[in-house]
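The following pair of complexes shares a single chain, subunit A, combined with subunit B in the former and subunit C in the latter.
Right, the complex of A and B next:
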């Protein structure tokens, strides 16, 4: 409309872009230590030794790139351990997902004696640190181990047993989250399906569950990562590498009495991190849903 | 199908959702449940649908008691205020869902779904998801889904209140025509008395869980049995003025201060001798005239075809009058009012019951 006076405009522009740059600068600075840490891990796995961020060889000269830290991938043991880890993670995804989506629905939609008490108790249960329960869980697992057939898969020192314990420890949170997602689905949709002729189970399966898919997916990812990184429970309830998982394996690696090769520890660590990172890159959008509450209700 | 509600009650602890409702709906009739929000009309509807279990009382479809029949076995279709479409399903799958649950063969399902969709004018939208439809189209999908299973009873829970005014008007007509054509017994819940008046064969007026009146729109309009119904049914609402009815020289007069109108004996006679009573008169039964009760114009609200004039007769008595905009009335003008007392209503101020239609 008017002839723009370029001078103040340009000054404004510079100042504005400067002001815009400040948060980025601060964020970059604050993130730097972490980035450097990861950079070190990646560099270290491919070097003989490191000095700072620089790879060095035995004589202390720069260089010395090597693949010897990665030789463990040719060992069958690591793959068995990885499979165990995967088993625990998937066990959690399925176990927690299945039980919480049923329990959450019941708590959200049905009226039964003790509903309020159960909700409160569940929240309290979530507050228990698993460390407090280790001895008790040990006894439970020993007991399960004594049951024929089932004991073979879910007793002490089995992957199934570890998964079972992890699932039950994660259930309180899962149930509460799922209840929250179900609460967001309007009643009318459910009533409508009932009148259309669906049974209660079909309403849950065909109408309600599809609405909370994002929430369910977020819970699954969350559980996968928790299961994948589980340490305390597998560490406590497994003996030896036959049933151990990656974090436990990694831990044994670094606490051997012989001299620790930190470069090798870094390599195993990075190896165990890869699936989760790949997983996260593809699913992070869904993961954020967990805090925004599932599906949008209504039409 | 005939529907009978007998002493139907729904209680949550001490809270009454519906309080001993007695009602009969004849086959093919469209009955409106009319009342302000929270009056128990939706609660009653959900009991008929089978979603809520009655605390007391009986629901009969024809002669069959259905209290313990599951919603899916009642063969009712319902349209919700929120439409309650299934967002993850296409229009086709939404409409055909009841048929799928009934295990209707694929081919027949296809045919009936298409037929209903065409009837509703949404046959070309079959592959859309509800989110890709306008409000009016969503409404049609919901209606189609309720109709596709050829229900014995149609339930409407304020189906038009989410539509804009123009669409509401046209949908109102369409639902009415559809219901007449198909002859399906229907219950229509609404808080909009115009909707109830225009669509229903009979209206059940409810308040605080109780059924206050049940009758044809004309009956409720011409012979309101309580003060609440008099004020609730009709738009703009009925005027109420405290008067005393006296007999003088063989004629009945309703009087207060400067207000004095002659009332026909068949109405005045019922109201005389009760002390102060409430005189009710509809705005269309009051006219601006050359002589009559004097008053001063307080507010003029143009409605288009008419002006709604608020006339103050004295400190406490005001009446709304429908007047011709051509009169060019202004705030502060002094006017004279003539009352068509053939349509006058009288209510007892204590019991709020009509003195004419006990």
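Right, the complex of A and C next:
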């Protein structure tokens, strides 16, 4: 923000540049724990053992580059777990995107009985975080599990059930963001299409949705990352590795592991972190936008 | 469907719009809404009611009683007379206020101010680094922190300490559990406020700063007299929003300490509810009792969110739609 000023002040030059360095220094200090944490993950992944941040080999000397921590990638289980993780993430992208763009359109463009009520309600839901409902959702999922056919895919202890819960809990945010995107689109094109006799659904699909592609993309990225990282809900509603996702798998792995295989834990950690990082690097600007656009507060 | 265009001049026509068209439009709108409504009903409403009903029963995996035995307010009585109730309550306040004060609002504000006083590209980089904990899977993030606090020769903090020749190198998590609970949550939480404050600072007209500079104000004076007063609303917003978030969030504590070390040292209200009902060491689930703990938080959450939506006049967002019955 501050561009090099050209004021011909008599102030001592070195003192001024020192003062200018203070914010950089403080910021660098503040991000140190984050940087060190990531550095450890990367170093540990490729080394036999670590002492602090130093990689060491079996004899305790510095060095010991190894790929042995990565042997898990030849295990079929990790890929099934990764597939589950991907399923939840994609389920969230499609589910939240579809449902909330439908509802957002209706809320933005139509006047109907109950509109205000629903909007007020989603606002409260948006502010209110649903963690505490998990106890009851557990019983809802048990009930769904008892329904023939549907229960097999969306009941307790299924990837579908986890995805469905995650989609629902993300809806208040999605609906609000979508409504905001629709509100910003001029409605001339849409109106002429309606006068020409196009149905509302066709207008929504063929005219409006293409216009909010950036918004949809931002929401999709956000949901992909949320779905990919999901821990609490899969942890609560699944049992065993058949249906677990990467964070849950990693948690189990790190809990019943001895000290020695911490490096393997780091490797699995990096494995689950990589897709998110790649996504993040390419889309940070969009993400910053959505976070400031009213995302949830996190812990 | 198209019968009337609602424009400025069409006010008279609107009155004549047949009842049938309105019903049809409402049905059409609700069909757009139906998937969302269905999911909200199944996963918000029914659970909220269910939680209340559950809290009045003694449903648990240990007693094998016929499910849903009504026991009135017994669970609530048990909750308030729990031996650890005062401690859990204290912990909850400690957790919320320390994290909020030092990180989610305090550090967030400092970061926003610092990054808006430096080169644009550098500030972008720092903000990205600060966002990392938020997008890291919580389990991986906790693995990092566990590694920080480990005993020698593995622990990173102790590794740095030994560089400075410090002798005492304990397992830091049991040494100062609260410090790390707050740090772990704070490093995730600070970025939310940072982003809100940064965009608020960027929205302040530049001439205000220029004018102040011309008048010879120092950076500190500018921050104190111009920036901070204009950040009043964002500050209030982040504070209330994050209070609510922290009150019900427990994921990082669950992963880091599980409420330990020892008895209930870092156990907060939300974690108690969750553990009682869903995750116990002995595999006994006291759903009814846990639901009582949870339901109190739900009530607090709903009341607080209604209040703060009032404060921030969110009802203004509920304006009339652009295209009416058409």
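The definition used in the following text is that the second predicted complex is superposed on the first by the 241 of 299 C-alpha atoms of A that agree within 3 Å, B and C clash if a C-alpha of one lies under 4 Å from a C-alpha of the other, contacts with A are read in each partner's own complex, and residues count from 1 in each chain.
The rule we apply is simple: a residue touches a chain if its C-beta (ideal position, glycine included) is under 8 Å from a C-beta of that chain, and two chains touch if they have at least 3 such contacts.
Small disclaimer: the values here were computed from a predicted structure and weren't measured.
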Partner chain(s) touched by A:43 [first = subunit B, second = subunit C, both, neither]: neither
Contacts of A:254 with subunit B and subunit C, given as first, second, both or neither: second
Subunit B versus subunit C as contact partner of A:26, first or second or both or neither: second
Contacts of A:142 with subunit B and subunit C, given as first, second, both or neither: neither
Subunit B versus subunit C as contact partner of A:269, first or second or both or neither: second
Touch count on subunit A, higher of subunit B and subunit C: C
Partner chain in contact with A:78 - subunit B first, subunit C second, else both or neither: neither
First, second, both or neither for A:189, with subunit B first and subunit C second: first
First, second, both or neither for A:90, with subunit B first and subunit C second: neither
Common interface positions of subunit A, toward subunit B and toward subunit C: 191, 194-195, 197, 199, 295-296, 298-299
Subunit A-facing residues of subunit C, complex: 1-2, 5, 25-26, 28-30, 32-33, 35-37, 39-40, 42-44, 46-48, 50-51, 54, 104, 107, 110-111, 114-120, 122-123, 126-141, 143-148, 153-156, 158-160, 183, 185, 187-189, 191-192, 195-196, 198-199, 241-242, 244-246, 248-252, 254-255, 270, 273-274, 277-279, 287, 290-291, 294-295, 297-298, 301-302, 304-306, 308-309, 314-315, 317-318, 320-326
Residue numbers on subunit A that touch subunit B, as the complex places them: 186, 188-189, 191-199, 202, 207, 210-211, 295-296, 298-299
Residue ranges of subunit A touching subunit C (in the complex, touch as defined): 1-2, 23-24, 26-27, 30-31, 33-38, 40-41, 44, 50-54, 98-100, 102-103, 105-116, 118-125, 127-140, 164-165, 167-169, 171-172, 175, 183, 187, 190-191, 194-195, 197, 199-201, 204, 225, 228-229, 231-232, 236, 246-248, 250-251, 254, 259, 262, 265-266, 269-270, 272-273, 276, 280, 284, 287-288, 291-292, 295-299
Subunit A-touching residues of subunit B, taken from the complex the two chains share: 46, 49-51, 70-72, 74, 76-78, 80-88, 97-98, 101-102, 130-131, 138, 145, 149, 155
